[in-house]
Amino acid sequence: MSGSRTSGSTFVGMPAFPEAAHNAVNNPTLRGNLRHATHTIRAKRADAVAELSDWAELREAGKQIKDHTLRHLDRYLVELEASVTTAGGTVHWAADGDEANRIVARLVQETGESEVVKVKSMATQEIGLNEALEAVGVRAYETDLAELIVQLGKDRPSHILVPAIHRNRGEIRDIFRSEMGAWGRPAPEGLTDAPTELAEAARLHLREKFLRAKVGISGANFMVAETGTLVVVESEGNGRMCLTLPETLISVVGIEKIVPTWRDLEVFLQTLPRSSTAERMNPYTSMWTGTTDGDGPRAFHLVLLDNGRSDTLADEVGRQALRCIRCSACLNVCPVYERAGGHAYGSVYPGPIGAILSPQLRGTGSAVDASLPYASSLCGACYDVCPVAIDIPEVLVHLRERVVQGGPVTRDGSKVVLRPAKGHGAERVAMRAARWAFSRPGALRAGQRVASRTRRLHPRSLPGPGRAWSATRDLPPVPAESFRDWWQRTKGGEGGAQ
Amino acid sequence: MRVALFLTCVNDTLYPDTGRAVVRLLARLGVEVDFPMAQTCCGQAHYNTGYRHEAEPLARRFADVFREYEAIVTPSASCAAMVRELYPRMGERARAEGRGGGLSAALAPVIPKTYELTEFLVDVLGVTDVGASYPHTVTYHPTCHGLRVLGLGDRPRRLLQAVRGLELVELPGAEECCGFGGTFALKNADVSAAMGADKVHHAESTGAEVLCAADNSCLMHIGGTMTRLATAVRPVHIAEILASTEEDPTV
Amino acid sequence: MNRVDRVDRVSSRERVLGRVRRALADVPRDDGTPYEGAVARAYVAEHGDRSVEQTVDLLAVNLADYRAIVHRCAAADLPAVVAGMVAARGAKTLLVPSGLDPDWLSATNAERVPDRADSSLTELDRVDSVITACAVAIAETGTIVLDGSLDQGRRRITLVPDHHICVVRVPDQVVSAVPQALERLDPTRPLTWISGPSATSDIELDRVEGVHGPRSLEVVLTFNNPFPNPL
C-alpha cells in the first residue's frame, strides 16, 4: 500500500491552468482544431437530444438512479461482487491506483503473456496502467483509434471521448506514417489524410494484434449490481475485439459505475449515446455477465477501483461529480475548454467535469489541481447539457471555497482539515476589505467619491494584478457622480422624471 | 406596490446612467421606485470566488435593507440570480455546517420577490411594449446567468422587438459566454480575453451599431474589449434602450 | 493465488467498503423505501404513437440512417434474397451458426463454414460473410441485438468477418424503444447491440463508417404473409 492516489505519470508536474492555457490560446492550429470539432458535435448533440420529448425526465431519472446508488454504494458493491462471482468472474478490490496496477500486472503475468490489448478506458488512464505494465515487461496496445493516435504520437489525451481531438487529420496521417512501423504493421503506402483511409490504416495495423491477443483489458460504462452485468459502449468494434477474442479479460472499473438494476440501463442507453457522439445509439454495445461457456474469455477479473472516489463521496456537495457517465458533453459545450484545450487541465479528465473531478480525486495540493476550480467563467453551459444534471458550477464554487478557506476534507479515507491555500493572500485581503466597505454604505460612498474626483487621473492600463484586465480590455470611465449621490442630490430624480 | 431598486454595486459606482434609466422607465410605467441608501452589494463576487463566509454578512444586509418592499428590481441578471438561486444555497450550507437555520430564515423573505428588470416588466407589470423609441440596429447578447440560471427566455427579445425604430439582428453564437465571469476575467485573463474577442467579432459581423445585454458586468468586459479592438459596435444596457423615447432619446 | 495476496485482497475490500461507509455518515441509511419507489421514472416507454407497420418502417429508416443496408421480403422469398446478397458481395464462404434455419440458405451455393468452438481466429478472418438471426430489434434507435442463441452464434463470428447479414423477423422481433428491448433480453446471456456498421468519431469528431467490426451490415426484415397489417 502506498497510501496515495496515483495518476498517469505523464501529468506529473503540470503548471497551473492559466499558464498552460496561455500557450493553447496562442496556438492557432490547436484553436482551429478544437473549435471545428467542438462546434461540429455541439449542433449534432442538440439535434439528437431534441428528438426525445422526455429528455428532462430521462435526465432526472439518471440523476436519481446515480444518487440513490451513491447513497447505498456499500450495499451495491457487495451485491455486485456476489453477482459477478456467481456468474463466474473474480472480483478484486483496489484502494488506490498502485494497488490496481499491481493486481492487473500480477493477473497478466499469471497468464504468461507479455502483451495485452486495451479498450479505451478512463480508469486505466487515471491510474497510469500502461506505464505500470511496461515496468514489468508487458506491452499494452491501445486499440481505440484516438488512443492509438495518442499512443503512437507519445502524446497526452486531451478529451474524454476523443483523446486526440487536438489533432487534425493531417497531423494524424503524419503520426501514422512515421510511427506505426515501430509498433507493428506500418501505415499503407501513399496514406492520405482522408478519414476513411486513416480508419482503414488503423484497422489493418490493429487486426494482427487482436487476432493474437490472449489478454484484454477494459473499463466499463456500467455495472449492474443485481445481475453482475458489465456494459461497454463503443463505436469502432475494438471494444468487442478486446472483450470477446482474448482468453482472459480484466476490467478495471471505478466503484461509482454501478447501477442497481438491469432496468436502469434503459435510461443511460438513451442518454449516453446522444450526449456523447450525438447518435441515437452508438454502433456497438457489449454486455457480459461473468463468463459464458464456449463464447468469449474463459477467465474474467473485475478490479473495483477506489482511488479517491470514496473521499469524493464524503463531500456532500462534491459527491455529485460521481454521477458522471463520462459522456463529454460538458467538454464539447465549454467555451473555456474550447480555447484552453484539454492538456491545460493536467489530468485525463479535462474540461468542466475534470475541473471538479481532479481536485477531488487527487486533492488540491498541486498547482494545477488548486487552479482547476477557477478554470471556468461559471457560464453554466456544462450543467445544461449534463445528462445526469451535475451542477458543475456549484461544485466549482464549493472547491474554490476549499482552496481559499480550507476546511475539513477526507483524504485516503481519513478526515483532515485543510489550511487555506497559499497564493491567495492578496485576494483574501481584498475580499475582506470589500466586505468591510460593503457593510458600511458610508465607506462605499466615500470610496466612490474619491474615484469620481480623481477620474481624470486614472490610467488606461493598470499596474500589478490589474494588468490582467487592462492588457486586453479598456477600463470603463468612472462617472462624475455615483448613482447614490445623484439620487440624494436630486431626491430620487424628483419622482424619477430626470 | 412598494418597489425598491437594487442597483448593484457595479452600476451604482460605474454605470449610474443605467440606474437613472430604470427609474425613468418605471416612472413612465407608473411605478414609483425607491432606492434604499443602505444597499451595497449582494456578495456575488465573494461567493463565486470562494469567500462564502465573507458573502454572508452582505446577504444579511441585503435582506435587512429590502425586507419591507413588495418587489425588488435589479438591472443585473447575475445579481438577481445570486439572490434567487444562491442565497437559498448559502442558507443550506450554513445549516450543513451546524450553524442552524438562522441564515436561511433571514434571507427567505427577499428571495421570491427579487426580479431582474425584464422579468419585472413582463411578468409583474405585464408589459412588453414599454413605449420606447430607439432608432438603431441592435444585437442582443443573452448573458449566462440570465439565460441559464434565471431562464429569462425571450423576455428581453420581446421587449426589444416592441421598441419603435429598433432593428434587432441575430448575434451568432449568442448563447456563448462572453468570458467575463467575475474574477475569472483576472485569474484566467488569456482565456477570458479570447472569449471576449470572439464575442466582439460576432457582434461586429452583425453590422449592428449596438450590442445590448441585461448586465453591465458583462458589458464592461465586452465594451472594454470593443474599444481596445477599435470596433464600431457600442455596448448599451437594455434599460437604457427601454427608457429611450422620441422626446428624450438615449444615445 | 498465494496466501499474501488473499490477505491483501480481503483487507482492501474492507478498506474500500469502510471508507465508503464512513463517507456516507451524513446520509440517512436504509430508509426502507423499496428501490422501485426511489427513482421517479417519468420518461416514456416509447416515443410517439405508431402502428406496428410504422414501427417496422422506422426501424428500416434508422438502420439505413446509420449506413446499414436494409432489405424487406416475405419469409418465402428469404432464401432468394440471401442468395442474392451473398452473390452480390461475391462471397465464397459463409459463416453459419449451428441453429440457423437451414431453409434460409437453401438458394445459395456459398461454402458453409460452421461456427465451432475450435475455429481459429485466422480461419474466421478468412471467411467472407456471416449470417445470423437476432434476438430483438429496436426501431427508435435502429439497433439489432444478438444474444448468443444458437441461430446467432458466438460473439466473435459477427465481429471478425467484414460482412454481416442479419435477419429480423418482423414484426415479432421488433420493439419501439430501448426500455422494451431490455425487458425482452436475458442479462445472463452475452449481448451485442449493433447499430449500423462500425464507425468512429475520433477524427475531428466527425463520424466515419468502418473501423474494426464488419464494415458492411445488411439487415433483412422478413415477414410472414400477410404483412404489413395496419392496426
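Each chain carries a letter (A, B and C) given by its place in the written order, and its residues are counted from 1.
The rule is short, and it goes like this: a residue touches a chain if its C-beta (ideal position, glycine included) is under 8 Å from a C-beta of that chain, and two chains touch if they have at least 3 such contacts.
Because the structure is predicted, anything quoted here is derived from the model rather than measured.
Sorting all chain pairs by how many C-beta pairs they have in contact places A-C at the top.
A simple rule picks the central chain: find each chain's mean C-alpha point, then take the one closest to the mean of all protein C-alpha atoms, which gives A.
Put simply, the chain farthest from subunit B by mean CA position is C.
Once the centre of each chain is set as its mean CA position, subunit B and subunit C turn out to be 52 Å apart. Centre-to-centre spacing of subunit A and subunit C amounts to 29 Å, using the average Cα coordinate of each chain.
For the pair subunit A and subunit B, the distance between C-alpha centroids works out to 32 Å. Residue positions of subunit A with contacts to 2 or more other chains are 316.
The residues of subunit B lying in touch with subunit A in their complex are 7, 9, 11-17, 19-20, 23-24, 26-27, 32-35, 37-41, 43, 45-55, 57-58, 61, 89, 93, 96, 144-145, 148-149, 175-177, 179-197, 220-221, 223-225, 227-228. Interface residues of subunit A facing subunit C in the complex, by the touch rule stated above, are 33, 36-38, 40-41, 51-54, 57-58, 60-61, 64-65, 68, 71-74, 77-78, 81, 87, 92-95, 99, 106, 143-146, 149, 161-162, 164-165, 168-169, 172, 195-196, 198-200, 202-203, 206-207, 210-211, 224, 227, 229, 235-238, 240-241, 244-245, 255, 260-267, 269-270, 277, 279-289, 292, 294-296, 304, 306, 310-311, 313-314, 316, 319, 332, 410, 413.
On subunit C, the positions that touch subunit A within their shared complex are 5, 9, 12-13, 15-27, 29-30, 35, 38-44, 47, 62, 66, 117, 121-122, 125, 138, 140-143, 148, 154-156, 159-160, 178-179, 182-183, 187-214. Within the complex, the subunit A residues that touch subunit B are 17-18, 21-22, 25-26, 31, 316-317, 335-336, 339-340, 373-381, 383-384, 394, 397, 399-405, 427-428, 431-432, 434-435, 437-439, 441, 444, 448, 451, 465-466, 468-469, 471-476, 478-479, 481-484, 486-488, 492-493, 495-498.
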